[in-house]
Structure formats: structure tokens, C-alpha cells
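Right after this note come the structures.
The two complexes that follow have chain A in common; it is paired with chain B in the first and with chain C in the second.
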Partner chain A sequence: MFISGIGIIFTRGRGIDCFENALTQGWIDPSWTDSFPAYRVTKETLSDTNLSKKIRRADKFSKMAALSAFDAYKDSGMTLNNNDEKLGIILSTAFGPHTTTFSFIDDILDYGDANVSPTKFSNSVHNAAASYISTMLDSRGPTITLADFSYPFQNALLLADSWLKEKRCNHVLCGCVDELSTVMEYACKIKLKAAEDGKIRPFMFSDFPVSVLGEGSVFFMLSEKRCKNNYAEVAEISFSWELKKNPDIIIIDADGMAGDETGYKNYSNKGLPITGYSPVFGSMMIGSAFNFAAACLIFKNQLVYRCPVSDNSSSVNSYFLTKEANVNEINCIRICGSEKISIINIKK
Partner chain B sequence: MMEEAKKMDLADIRKLLKELLIESLSLEDIAPADIADDEILFGEGLGLDSLDAVEIVVLLQRNFGLEVKDMKEGKEIFYSIDTLSKYVYENTRDHP
Partner chain C sequence: MKAVISGIGAISAAGLNLQENLFSMKNGKRNAGPVSLFSTDLTYPVFEVKNFSEKTEMEGMRTFCLAVAAAKEALKDADLLPPLSGFKAGVCLGTTVASQLNDIDFYSAFRKYGKADLKPVERFLLGNLSKALAYLLKANGPSVTVVNACSSGTDAIGIGLSWLRTGICDMVIAGGADELNRVPLCGFGSLGILSKLLCAPFDKDRTGLNLGEGAGILILESEESYIKRGGKPLLYLSGYGTAADSYHLTAPHPEGKGLESAIKSALSDSCVSPMDICFVNAHGTGTNENDKVESTVLSRIFGENIRYFSTKGYTGHTLGGAGGIEAVFTAASLKYGWIPASAGFLSKGDEIPLSPVLLNTSINGSFALSTSLAFGGNNAAIVIEKV
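Here is the complex of A and B:
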């Protein structure tokens, strides 16, 4: 399947151009709350006068999803017919709209079950965000939400691939969204090690790596056939340790969020250049989708962006300067814990 | 809020209701001053719909302890900021 459009919302703004600028710019200091660093999406980023009526009732989670999905659709240059049944929508998430869910539960405790907001209830449902997208685009195709902690993006890609292969859809808007909340920050303060200087270090290869929480959404327009606006082709999604072919670059999802990262060291000994862009957007269980977007830009521009943090204590072969390169194949690797792995093989 | 509302005059209640509507109904592009006191809230006016009506019922209960159970009655109460604020004003006074 082919990638024909990208829409993205992250801490530095909205749009694929904004993401490209961030990759060029490199690391910037996160925002700090009580000595806790995080890459947050601002309210201004989610302001859109053209779409505000259609997503008035949406919470932050759904707004991030809806706006990035809309941007991916626009970026693809497609014009879908009204009531299009051949556009599928797959939204994947690790934690879902938990800010609204917890707020809804708080309201039951504070006001009783007869006095809770119906809008808050509808937004607390995992599938709300995907429904906003289908309503906004007037799509009548299959729409689904996946929830998975380890491989939310990889599983979404696999499902999109099967929908396209069985001709259920001609195109699939496939993406991931996750949000930050005080509950999430509290849980991460206890379970993870926050980077004291605000820098995620992808090349630490540590069993207890540092993290800086992030939030955002990224969507891709995936098509059965190569389209006019083509970024790259997804050749294979596997769950084995074997590298796919001989990639020109390996992108690792090391961000301190999924525990032990020593497994990534296996790939640093192969002599292939390794990079990872998590310091740009933050630690997220859906970070694979953002690194995948970076891979798409590398193909499109034939430009390898420098690793955002220059720390190279493990002496890996990486890019510490952005430079032009002839890139035909990339492997995006995500390791969760000591045993689980996924590799997405992407081709020019 | 309920005790404070008892001391408010009609103008203060109007102002408060406009602020509460904007917050509860996520009317982000609208300022309190943009809502005229006699502007129709539903349909052609401010453009609110049935789900907003349920939100207003919740808003009245939470902030003023007022329960609107009969939606026929609600239709008259929710007509405009004027009718809504009169309802709140009249039903939050301490009656002898």
C-alpha cells in the first residue's frame, strides 16, 4: 500500500510542513510543570475557524484526531464523492480519550448520575474521535477504533492493508492519537524516569531509559495504488527480529515509554545508520506513527534529518547533520520490553 | 453558586448564563457580548440543538439547583437568554 497524504498535530504545531521544520530544527526544550517535562499540544494549535462548527463538541483527543485526519485527506489531493463508501477510517490509540473519561467519572461522583454532561459521555467513548472524522468527511465507509498498548500503529497498518487488499476500500485514513493528562503524568512520574534535562536519548539503549511525555495525532492516507502525491510504499509489517532486506536507514522508536530499550543495541552493531526522532515529538506509545511520518519525509525529500539529540554514548552510526542521501528503503523498529518487536519496511 | 445566585439581580444572571452557556456548550468563537438578550437560542438563532438543550438542563441543575423535567415547559424557558434568566431569577428567590 502507498502513502499519499499525511496530517499531523504535535507539540510544535499542525501540518506536515510544521513537522518537517521541527525535524530540521532539532530538539527544543519541553514545557515544565512542577519540574515535570512534557511536550503538550496548545489550544491555539487546535483552533480552526473553518472546521470549528463540525467539531464544536469534540474534546482535545477528538479534535487532534479530526484535524490531523482532515489534513491527511487534504494533503492527498483527493476529492471524495459525498457518502463515499470506499474510504475507510482506522484510528488507533493506546490510552483513548482518558481525560474526558476521568472527568466524566468525577462528575458522577460530584453531581450524581442524573447530572452528568451527555456531551462528555459521548466524548468519553473510544470511537467518538473516529466518528467525528467520518462525519466531517461525510464518509460512509468502514470506521473503526483500535486500542493497543504495544503496537497501536502497526496493528492499524495491518488492518488497513487487509481492507485495501480485499478491496473493501480504495483508500484508508489510518492514524494514531494519544493525549496527556494529569492522571497520565502522575502514572508516568511513578513508573517512568523523566529526563531531568528534557532530552530523550534514543541511543541510550538502557534497561531504564529516560522519557519526556508527548501528545498528538498523525494520520496517513493509504491507497491501494500509487497516487499522484506519493510519499512511499509500505512493503511489509512484521513481528520478528529479522531486518527486512538491506535498509539504507533504521529508525528506532526508543523514547523511554516502553521499558527496556537494550534490544535496540542489536541493530547498532550491523553497521547500518540508525536514527530516531522521538526527542522532537515526545514519548508516546503511538510514537511509531510519528517516526513513520519522518521516514515518509526522508523518502519524499531524499534528505536524512539529523538525530535531534546529539548524545551518542553508545557510538552508533547515525546522522548528526541533516544531509541529502539516496534513500530507497527504511526499517522502522519498535521494541516493547525484552521480547516483542515490530519492523515496518518502507520503500521509496 | 446557588447561594450567590439568590443575591444576583436579573442583569447579573443574564451575564452569568451567557458565560455558562459559552463554556458548557463549547461556543468557542462567541463572546458573551455577542449573544443578544432576546436572541433565539435554538434553530435559526444561536443555532443550538437538542443535545445542547440537555446540556442546559444539566447546567441549571448543577449551578442553580433547578430541575426542568417537562420539556414543553423547557421550550418556553430556553427560548432566549431573557426567558432563561427570568426563570432562574424567579426560582432562586427565597419565597416567604
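Here is the complex of A and C:
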């Protein structure tokens, strides 16, 4: 399965070039609300005069998804036929459009059960975002929304791979989206440990790591055959502790969001170069998709971006300067609590 | 490649297990009534699962409890006992309610005081439907929850088929579940598509849908794995098709383009023609637009002699559970050789080209189709085969 396009929206803006700049730039201070740090996506990032008509009723969640999916499509350089039935869309999320859900509940509480907004209800349904994407691209192919707290991106990739192998689709737009809300921030304040200095530390390997919440969306155009614009190839998505041979780089999803991160230490002990880019985009259940995008850029540019935060108390073999490198294979690793771990094996 | 359906289980307002459901349908029982599960100003009739008690440790996780009840029945039918750790077993279930943190009491407290007991949040985080069932059954394969609105259950079954075909799993627990909940009740009410009367799918005087709750689960297995453990296949999931309307967030495409593509894709995936299909278990919600579009598409693809029906007159619209429940009913109809009368239907108007079946009807065929249309313009169809 080949990656031919990437679209991304995160705290520092929109587009793969913007993400590349952020990786080069490294860590920046998050925004702070009541001493609570978070990497938020601004309204300005979501304004798009060309696409605004098709997504005018969409909420923030759907807009982030629709714009990044559209950008992945554009980045791939493909031109789809009208009513294309061979383009699949897979959207995966941990929490869905919960801001709109709470806004809908506001209506119930304020105006009563019989006086709520149908538009809010429509947008509160998880698959509204995927529906906006299919309508925007005029795609009639398979369109699925998944919800998962542990491996939302990995499960989406697994399904995309199945669809391509079954010839159900020629191409799949596969991505993740999640948003912040006051409720979520409140719950995370209590359940997680916020980084007091605003810095996620991927190499803490702590059983109670620090986090800085993030939000955003990232989509990939995936194809069974190599396309003109090619970032890399997904060789395997597995759920096991074993590395695929010895990759050139390991990217870990450590961001303080999934609990105990001591398991990542097993990989640092192997002496292989390890990095992790969560301090650039924030802590998210869908963070794997952003690290996967970073891996794609490493392959394309043959440039390893420095780890955004230089704290290395665990003496990890990592990159603290951005430098050119000959990278042929990367393993993206996610450990979710005491559950099984996932490895995405990507090749040049 | 097709998958063996080695076990089926269902729970709905029509019954606490498959046989009770079939009994209700055979006898035309429609167990609807006012909402009793929560307080609401709305007076629409609903189909609640009665005499079903959640276990204490699962309090507040009604959708999960419904899924567990149907899964236990399906596993028993498949002659399987958890743990399933000896298999490459995946779990793929569809839902709508269980994927949303829509606890009104929690949110109301948070809004009022700026803080609230986080128990509902913890329950929500533990309650991802597929993950929770996989944990309970010790299924070690992939587990993912499909949230494709009303086609979630059918899509989950289709994903299960993909996992088997690509060798990711040798067994998949697939289907859907949803509880009756105040938030979607208000939401569907706001869309103006709930009926004050008992729903009447495809009838000329239909006035909308009734919400319901329940779960339907299929145990899907690779033929090799099933035969290896001594099974003799009777039912198969032959194929799955899905397509988007690319038209509107809440209304189906007026010509049913997406539904037509989904059905044709399911038939092609199953290597069968429309002539091979002996009946269609239609989505048939009882709303004006859904039934018009669906009946038109069925007539266009299958011609005027196709027998079709909706079971929502017995279960209500169970949203994310519907595709699972209706797949179970489709499999059971093939197995037992009869289809139920389409409850609520009396006569068709001009815009409905075909009448659904009016009476319980014997059938003698090998293939049947089950369809789902969803909010967001999703359409899905599966083909089930009896050998």
C-alpha cells in the first residue's frame, strides 16, 4: 500500500508544507487557558473561500476532517471522475464531534426535548464528517467512520489495506480527526498529568507521563499501486512486540495520552535511533497518524527531523539536530496501556 | 471468498433471543409503547427491550449489555465458549449511542458547577463496544467499532468479511447494538421523522419511524477454521457492498444512486445475479423518503416479482443495531424457510412501485439480501446464502 498524498491540519496551520516547517522549527509554546496548556486549531486555519460553500454547515470537527482530506487528495495529484465508486473514505476518531454533541445537549437542557436544533443533531453524528468529504469530492465509494480509543489510526490503515487487497477500491482516503472541548479538557485535567512547562517528553518512559492536549486532522491518499507522487510504502501493520528486522528509525507515539509509557524503553534499549514528534502537534489518541505523516516526510526528503524536545534523561539514541540521512525503513510504534502494541512498518 | 455464518443471536423489543423474535414476527406482535427508560417530554411510541436487566457491574452500559446478550446466544449457536484466545478472533460491531458521551446528567452538572463526577466518562472510555466485547471474550484479533449511523451494523459485518478474506482473522464476532437513548430521540424528533403512530414501512399512509433498541450478532468464520473444528456449514455471508450517495447529510439520494451501487456491489462481490435473490430484508424505516427511494431501487434492480419486507415494524429502528439484527433475521429466514409479513403495511401509494409481503410467506431459495441506508448518505448491503 503506497502513500501518495497527505493533508494535515494542526495547531500551527494547514498543509503538509506547514507540518514540515513545524518539524524543522521544533517545539513552540502551546496556548494556555487557566494554566492549562493545549495545542488548539484556530478558526483562521479553517477558513477556505473555495470550499466554504460545501462545508458551510459543518462544525469544527467536520471542517478539520474535510479540509485535510481534500488536501490529501490534491497533494496526490489525482483527478477523480465524477461519482467515483472506487475511492474509499475511512475516517477514524477517538471522541467524535463531541463539542456539537454537548451543544445539542445544551439545547435539550435549555429549550426542552421538542425544541432542539436538527442541524446540531446532524453534525453531532460521528459519520457527518465523512459524509461532507464524500460530497465535497463527489465520491460514491465505500465510506466508513470508525471509533476507537486505542488504535484508531492503525485500525483505519488495516481496513484500507483490506479494501485495496480485495479490489473494493483503487484508492483510499484514510485519516483521523479529533477535537478539544471544555469537557474533555476538564476530564484530562483530572485524569492526566499536564506538562507544567508545556513540553511533552517522549523519552520520559514514565508510568505517569506528562501531556499537552492537541487537536487536528490528518489524511492520507493510499493506493495499491505506486503513484506519481509517492511518499513511502506501508509494508505491514502488525500488533506484536517484535520489530521488523532492524529499522533505520523508530518513531514512538509517546505523548502522555495513553497511560503507562515504560514499554517504549524496551525499544530504546536496542540502541536503534528513536524519535517522536508529539511535542509538535500535542497529545491525541490519534497522534499515530501525525507521527506517520512525519515518517512520510522523512522518506520523501531523506531528512531526519530533530526531536522537538531535547530532554533526554533516558539517554536515548535520538536525533537532536535535523540532518540528512539515508532512511529505508521506519517502524512507527504505539503502546496503549497494558494492551498489545502496534507496529506500522514503512519502507522507502 | 465467502465466510461461514456459524452462529446468530438477536435481542430486541420483539424478544430476548432469536426464537422469541421469530415468534413475535410470526404472530404479528408489535411490542411498542411509551418511553419508560428515561424521562422525556416526547410522546412518540418506541420499541424498548423489556424484562432485560443490566448486570450491576455494567450499570449504565445498556448498549454493551444488549451486545453481550446477543453475542452469548450467537456463540452458543456456533458451539463456542469463551475465551476465544485460541483463535485469530476479531470483533467488529456497529453502534451510534455507545460511541457518544451523551450522558445528560453528567453534562448538566458540569455546565452548572464547572465540575462533575467522572464516572460516566470512565464508563464511556471503557465502553467502546467492540473493545469491551473483545476484552470480555478474550478475542485477541483486531477490534474496532463502526459508527456509520444506521448502516453501522451492516458495515461492521462487511468489515468482518474483509478481515477474513485478507487473513487478518479466522473468526469475527460482527453485528451491531444500540440502546434507546434520549439524545437521538430528541434528534430524530427535531428532524421531523418520528411517527406518533406505529410505523408502517412502505405503506401509503406512513408517517415516520419509531425508535427501538437491541443487538444482532453473527459469528463469521473462515470455512477452513469452521470445518477444522468439526462444523458443517449451512449459512454463508457471500458478499458485501457499500456506497455513498455523495448528496446530502440527512436525505437519501432521490434516485437512490448510492443504494443501487451498494446492492450491485454486494451481488457482484457474491458472484450472484439479481435473479438469484429470493427475498430482500429491506431497511424500510417508515419515513417518506427512505421507503420511496428503497422500493424504487429494489424494483429497478430485481423487477416486480421480488419479495421484500421490513422488520422495523417489530423492532423499531434500532440505529446502529439495525444492520446486525436484520442480518440475523435474514439468515434465520433462509434457515427456517419463511419470511414475516411486513408489519404495518396495508396498501401502497403511487410512489411505492412494489408492495412488500403482506403475510408470513414460505420461501425456498439460496440467497437473500439485507440492506441498510444511513444518515450521511451511506448505503450498505450484504448477501447471505443457505447451502
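FYI, the second predicted complex is superposed on the first by the 347 of 348 C-alpha atoms of A that agree within 3 Å, B and C clash if a C-alpha of one lies under 4 Å from a C-alpha of the other, contacts with A are read in each partner's own complex, and residues count from 1 in each chain.
Rule of thumb we're sticking to: contacts are C-beta pairs under 8 Å (C-beta built on N, C-alpha and C of every residue); 3 or more make two chains touch, one makes a residue touch a chain.
Predicted model, so just to flag it, every value in this text is computed and none were measured.
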First (chain B), second (chain C), both or neither touched by A:Tyr264: neither
First, second, both or neither for A:Leu109, with chain B first and chain C second: second
Chain B versus chain C as contact partner of A:Gly96, first or second or both or neither: second
First (chain B), second (chain C), both or neither touched by A:Tyr305: neither
Partner chain(s) touched by A:Pro118 [first = chain B, second = chain C, both, neither]: both
Chain B versus chain C as contact partner of A:Tyr277, first or second or both or neither: neither
Contacts of A:Asn155 with chain B and chain C, given as first, second, both or neither: second
Chain C versus chain B, contacts on chain A by residue: C
First (chain B), second (chain C), both or neither touched by A:Thr49: first
First, second, both or neither for A:Tyr231, with chain B first and chain C second: neither
Residues of chain A that lie at the interface with chain B and also at the interface with chain C: 57, 114, 116-118
Chain C residues touching chain A - in the complex, by the definition given at the top: 40-42, 96, 99-102, 104, 107-108, 110-111, 114-116, 118, 121, 125, 128, 130-131, 140, 142, 144-149, 155, 159, 162-163, 165-166, 168, 182-183, 185-192, 242-250, 257-258, 261, 265, 269, 374-378
Chain A - residues contacting chain C, complex: 57, 83, 85, 89, 95-96, 98, 101-102, 104-106, 108-109, 112-114, 116-118, 121-128, 130-132, 134-135, 137-150, 155, 158-159, 161-163, 165-166, 168, 183, 186-187, 190-191, 239, 340
Complex contacts: residues of chain B adjacent to chain A: 24-29, 51, 54-55, 58, 61-62
Residue ranges of chain A touching chain B (in the complex, touch as defined): 47, 49, 52, 56-57, 111, 114-119
